[in-house]
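Below you'll find the structures, each written out as structure tokens.
Each of the two complexes below includes chain A, the first together with chain B, the second together with chain C.
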Partner chain A sequence: MGAFLARRLIGMFFVLLVITFVTFAIFIVVPGGDPATRMAGKNPSEQGIQNIRETWGFDEPFYTQYGKMMEKTFNAMRPGFDDPNNELISYSRRENVVDQIKQRLPATFSLAIGAAIIWLAFGVAVGMISAVRAGRLSDRMITILALIGISMPVFWLGIIARYYLGPENAGIFPDGDYVPLTQDPIGWFYHLLLPWMVLAVLFIGFYGRVLRSNILDTINEDYVRTARAKGLGPRRVLSKHVLRNSLIPIVTLFGLDFAGVIGGGAILTETVFEIDGVGQYAARSIRTLDLPPIMGVTILGAFFIVLFNVIVDLVYAYLDPRIRPT
Partner chain B sequence: MTSLNPVYRVGDQIVEQILAHQQISKDAAGRRAVELLRQVGIPNPERRVDAFPHQFSGGMRQRAMIAMGLSCNPDILIADEPTTALDVTIQAQIIELIGRLKRDFNSAVILITHDLGVVAEIADEIIVMYAGRVVERAQKRDLFYDSQMPYTWGLLGSIPRLDQPRPGAARLDRRRAAVADQPPARVQVQHALPARLRQVRRGAAAREPRREAGPPRPLLAVGRGQARAPRRDHPRRGRPRLSANGSAPLVEVRSLRKYFPIKKGVLQREVGRVHAVDDVSFAVREGETLGLVGESGCGKSTLGRCVVRLLEPTEGEIVFDGRAIGKLGTRALRPLRREMQMVFQDPYASLNPRKRVGSIIGTPLKIHGVPKAERRQRVQELLETVGLSPEHYNRFPHEFSGGQRQRIGVARALALRPRLIVADEPVSALDVSIQAQMVNLLEELQEQFALTYIFIAHDLGVVRHVSDRIAVMYLGKLVELSPAEELYTRPIMPYTEALLSAVPIPDPDLAERRERIVLQGDVPSPIDPPSGCRFHPRCRYMTEVCREVEPPLTDYGNGHLAACHHPLNVDAETLARVTAAPETPDEAREDVLPADTSGPSHPVTPP
Partner chain C sequence: MATQQQATDFTLDTASELAAEEHEVSIVGRSPWYLAWRRLRRNKVALGALLLFFLVVAACALAPVFAERVAKTGPNENHITDVVMVDGKPVDVLSKGGTYTDPETGELKLRGAAGVPIGPTWWNAGGKFVLGADTNGRDVAVRLLYGGNNSLKIGIGSALLCTLMALVLALLAGYYGGWLDWGITRFFDVMAAFPVILLAIALGAALSINGFHQGPIDLESGSLWIPTLVISFVLVAYVGRPLRGQILSLREKEFVEAAVAQGGSPWRIMFSELLPNIASSVLVFFTLIIANNILVEAALSFLGAGVQPPNPSWGTLISEGQLRIRTAPWLTLGPGVAIVLTVVALNVFGDGLRDALDPRAKVRMEH
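Our next item is the complex of A and B:
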């Protein structure tokens, strides 16, 4: 267990190293990527650009720049660190990137966690129902609904839902925006309900389909026959002997999807519902080719992906004793 | 093997059933589970109730299943092929267990099996089913000695017997005699029966001389004396056949070792090794069949895969046709792949379900550069060679029965006209009557193409039927190597004796008379094999020396080698000769070569 975690942490370090380096390298080669020219404003003088280069260190070799950027990024995470000259500052707005991301994390986490609960609960329910009723009308209806859910793009569904269910028409839901949990828990819930559902629809359809086929595979296993032969009722057979074995692949999907949503996967949902989260911050930074915020969000996303991979492996070991280290 | 849920503890699965039917507390159910596990012979049941199914061996899992079946004191226990996936030694343990429990629990047992040997061991009354119908119902002795059904004769005739040299002449005579005396049967069973059996006629038809059809033949081709005669002068790719006398071996394996590393920790350091094959030497002559037997996990398959270089040996050398191939790279091996092929165990899993038969068989040809136009024709010829139809070219594997699929596997192996075929349990997954067809096919192909076989199997009956010589492996070691017949009549190594004794014989009288040696426990772990003689913890002749000194593979004359401190069936003279001449490693290597089989096979003559 200890060795396993140690190995994964070392792996995580290398993954982050490669990802940050690739992100950095893209900005060197991308056209118009030179931050000095962009920062100098309209009609810049050659001298002005040169000055910016020197102050920001853009004239140094790229590996030095990369090293400094990494140093600055991780400085901010050190407890008690306070040195304005050594922080990761965005080029366009001259803001502290880490602070900016920190500010937006609650909104993104709220959106991701709420949606994840919804899509997991409904995905499993949908999968179970359609597996139990496989081949019948209800299964086919669910299959059609699931496919519709998978096919509908979030930006379209979000806008439609916001328009028809929001204050302009039905008036059931408020119009976007994010209310912090600490400020007004009920408002927080009320405002997020629609974004949660819109974000979850895709995953519900997808998980339902995957779980359905897993259950149908598992149901033919010999040990399920054993469970029936023991005289257990169909509910108990399904919940105890089938579901646990079918959920194992779902865990992989869930870990990656959830981490992906936190690491910027909810860009569209956040934009549509005007939730000022990490995804929106990333979208805005990309528009201005602002490297530091993009780097920060990339590291955040990569970190969560790797972290959730480790968690997935641990949950795997819990669900399936065969892969527990002896 | 998958009848236990892999994610729950064995004890909990038993408790679950008890609680579903009995009004007792969870603790009481837990105690009952321990008690049940003890009754079915699981050591340390107090600890083992908390184990997961994957921590149990196959035999123990089957015991746990039986414990579960017995947990509510049933009046009837239905055992569906309870020993099919198990080794003979473990099968013997389970048969003994079911017999004992039948008495202790006083329940009736319905045993479903395809293995007539198992039936002969434990059944009182037998029902034979065919195509969904009961075709015969009889007491055990009546069925085995006085059956009314041609289908039952077919079943009995298709079993390679261990207690007889080759599917025995005597038995068949008895059955043939029975044919003439019985009234004609009504049941039609001809369709699925192998063609050869259809020649059996009964009643009036049988009494009339049908010279052109010949006497009824058993399902298995009779002894090799007549079957193999033609192959001696068979020209093989224009190459003159080596004379049987003093021919060079086609394959020679020298001190072969294959270890699999076990890695652990942050840096994945090697903390142990699975000693899958440990210092094994033998040679196979061209045209010969070497049988390779042993329990699961003793390294048979690993050895076979090393020989065809699907695996790279850790140490030692493999010489194929005079060329050392143990360390050759992929590129250098490619031309050799034409020469040696494998037939795999499970015809259901070893054929890609998404590929058509033509592509499965044709791929080796494609890899070796046979032009497309020619390929199709070659594949269709191959299909005919193995008894399938050329029209099957465009079908998928799932459209075939198990036996037919294995024929496809054989055709694929034959595609490149190899000289050596390593057949890894080629018939284990098939039904008895299909097994017989498969064995016949392999023997016919051997004649036709002058093939050399290494035939891996855990079924000692099949091995006896096909092999010229037989090698017995135990925990990665070669423990006995002997001409086929001699191994069955005169085993030297106690392990071989126990293996032979564990095989159920489909003859109730004989089964009752003979002494059974039931080996206790499972094969020890090859990660940390026992010291000295690896078999000593399970051996009934074990003494101090077995624990400390590893016995060398010693020649007891007539090409019969064994590694044992307490050899059985060896006369005093031979023993004296063997112990007097301590061998050098070089000599040992010589000994491993097959002795001249054309000479007298018996008895051992002192020099």
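Our next item is the complex of A and C:
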């Protein structure tokens, strides 16, 4: 177990290293990506551009720039670190990137965690109901709805829901925006309810479909027949025997999807509902080709994705003794 | 070769020969592809979905014809000051705000907000502004079809490229194994650890500024190739990983060992032994990836990192409509419905295709 963890952690480090390098390279290789020209303003003088290049180190070779950027990124993450000259600063607004991300994390986490609870609960319920009623009308209806759910662009659904269920029409939900939990818990819940549901729709449809076919596969296994032959009730067979095995792939999906949502997957929902989270910060920075914030958010996202990969493997091993790592 | 033939005749009768001798019936050999096609043919829902998809493709392909013959305008032609006849009554394409004097009473009256585009006229204006106009007075139906044309080109093109790249990488990794497999697997690992949308937007936005001019690749900034390449690159690991897994398990099968023992070249083993055995998976993947990529394209364009305006795509149309949803909801509804229809059709057909090609699915359907 220890060796497994150590191996995974080393692998994680290298994946993150490569990812930072690729992200950096995209903005170095891409023509028109010269940040000095953009930072110098509308009518830049040659001297002005040159000055910016020197102060920000854009004239140095790319590996030095990369090294410095990485150093600054990790410096800023160190607790108690306070040296304004050695922090990751954004090109366009000259703000401390790590602080900016920290400020926006609660909004993104609120959105992701709430949506995850909804999609997990409803996804499992939808999958179970349609598997138990396989072939009947209710199963068909659910299957069709799930299909439409996975076929809808989340941002379109968001725009439509925000307008038609918002204050101007149905008046059920408020019009976007984010209220911090610590400020007003009820307002927090009220404002996030619609974004949660919109973000969850895709995953509910997807999990429902996966779980349905998993349950239908498992139901034919010998051990399920044995359980039935022993005289166990259908409810107990389903919950204790069938579901335990059918849910294993859902665990993987859930871990990766949750990490994906935190690592930038919520960007569309955040944009549509004007939630000032990490995703929206990234979207805004990408529009101005502001490398440091993009770097910060990408590292954050990749970190969560890689971390949840490891967690999923551990949970998997716990649920299925056959694949326990040695 | 001749002795081998004799030996078979001597030892074994095939099922069809036995049947012919004993019951005087002949069994016709049928390929798995034929059996799959027969299963698919019985699945009317899947065929209906395929038809719907082809209808969407045909409609979008005929966009120039519709624009020229029916709507009589181009996708980027403004009609800000035009007046169109709806049911014989003249209507401004963009409402003129301000005040006017009532000719009967002589009172000064308010006209309402200015610049609100005309809503869907359906067929009441002789094919003009069937789905309304946008705030530049452009015909939404024409833009929707041209936009669909672009979205479908990017969706299908990137699905082709992505599947092809994934297939080549998976074949190389699965067949050669060793360090090549190690390298390709690590590449997939890194690609899968990237936050997909972030990487796609970053690439798309960066490339959209000046295009990409390196070596033989020469792309202008508005080129449709940019989103196509970005999407296919970003998603390659998601197709490549499962394919590699399948090839890895096929590689251990006896028929591959037999082909190796007979001295089959790597090329031959990859293309005539391994490829036919994963062809059905590839086909199913391809269908579902088109659906997925249409959604990714829409997301990219919505965020301004895909198709660049004024060139339309379903994603850019939604992002243009988003701000006008209060006064002109048809700008947002039209392209969204088009996306949902197309993607649902592809997903339903993909499901049907998988059920037809995967014999396990037959067991599943019998419940």
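The working rule: the second predicted complex is superposed on the first by the 324 of 326 C-alpha atoms of A that agree within 3 Å, B and C clash if a C-alpha of one lies under 4 Å from a C-alpha of the other, contacts with A are read in each partner's own complex, and residues count from 1 in each chain.
Quick note on the criterion: contacts are C-beta pairs under 8 Å (C-beta built on N, C-alpha and C of every residue); 3 or more make two chains touch, one makes a residue touch a chain.
What you see is a predicted model, and the numbers here were worked out from it, not measured in a lab.
Superposition of the two complexes onto chain A shows a clash between chain B and chain C. After overlaying the two complexes on the shared chain, residue contacts for A:316 are found with neither chain B nor chain C.
Set against each other, chain B and chain C differ in how many residues of chain A they touch, and the higher count belongs to C.
By the touch criterion stated above, A:225 is placed in contact with chain B alone, chain C being left untouched. Using the contact criterion defined above for the overlaid structures, shared-chain residue A:241 touches chain B, although it does not reach chain C. In the overlay built on the shared chain, the residue A:148 is in contact with chain C alone; chain B does not reach it. Of the two partner chains, chain B is the only one that A:10 touches; chain C does not reach it. By the touch criterion stated above, A:109 is placed in contact with neither chain B nor chain C.
Stretch 256-264 is the one of chain C that runs into chain B, the other listed stretches 94-102, 202-210, 256-264 or 328-336 having no clashing C-alpha atoms.
Chain A uses no single residue to touch chain B in one structure and chain C in the other.
Touching chain A in their complex are the following residues of chain C: 189-190, 192-199, 201-203, 205-207, 209-214, 291, 295, 298-299, 302-305, 315, 318, 322, 325-326, 329, 332-333, 335-336, 339-340, 343-344, 347-348, 363-364, 367. Chain A meets chain B in the complex at residues 3, 6-7, 10, 221-223, 225-227, 230-232, 240-241, 244-245, 319-322.
Of all residues in chain A, only 11, 15-16, 18-19, 22-23, 26-27, 29-33, 134-135, 147-148, 150-156, 159-160, 163, 168, 213, 216-217, 219-220, 260, 263-265, 267-268, 271-272, 282-283, 286-287, 289, 294, 297-298, 301-302, 305-306, 309 touch chain C in the complex they form.
Residue ranges of chain B in contact with chain A, taken from their complex: 1-7, 16-17, 20-21, 52, 54, 65, 68, 264-266, 268.
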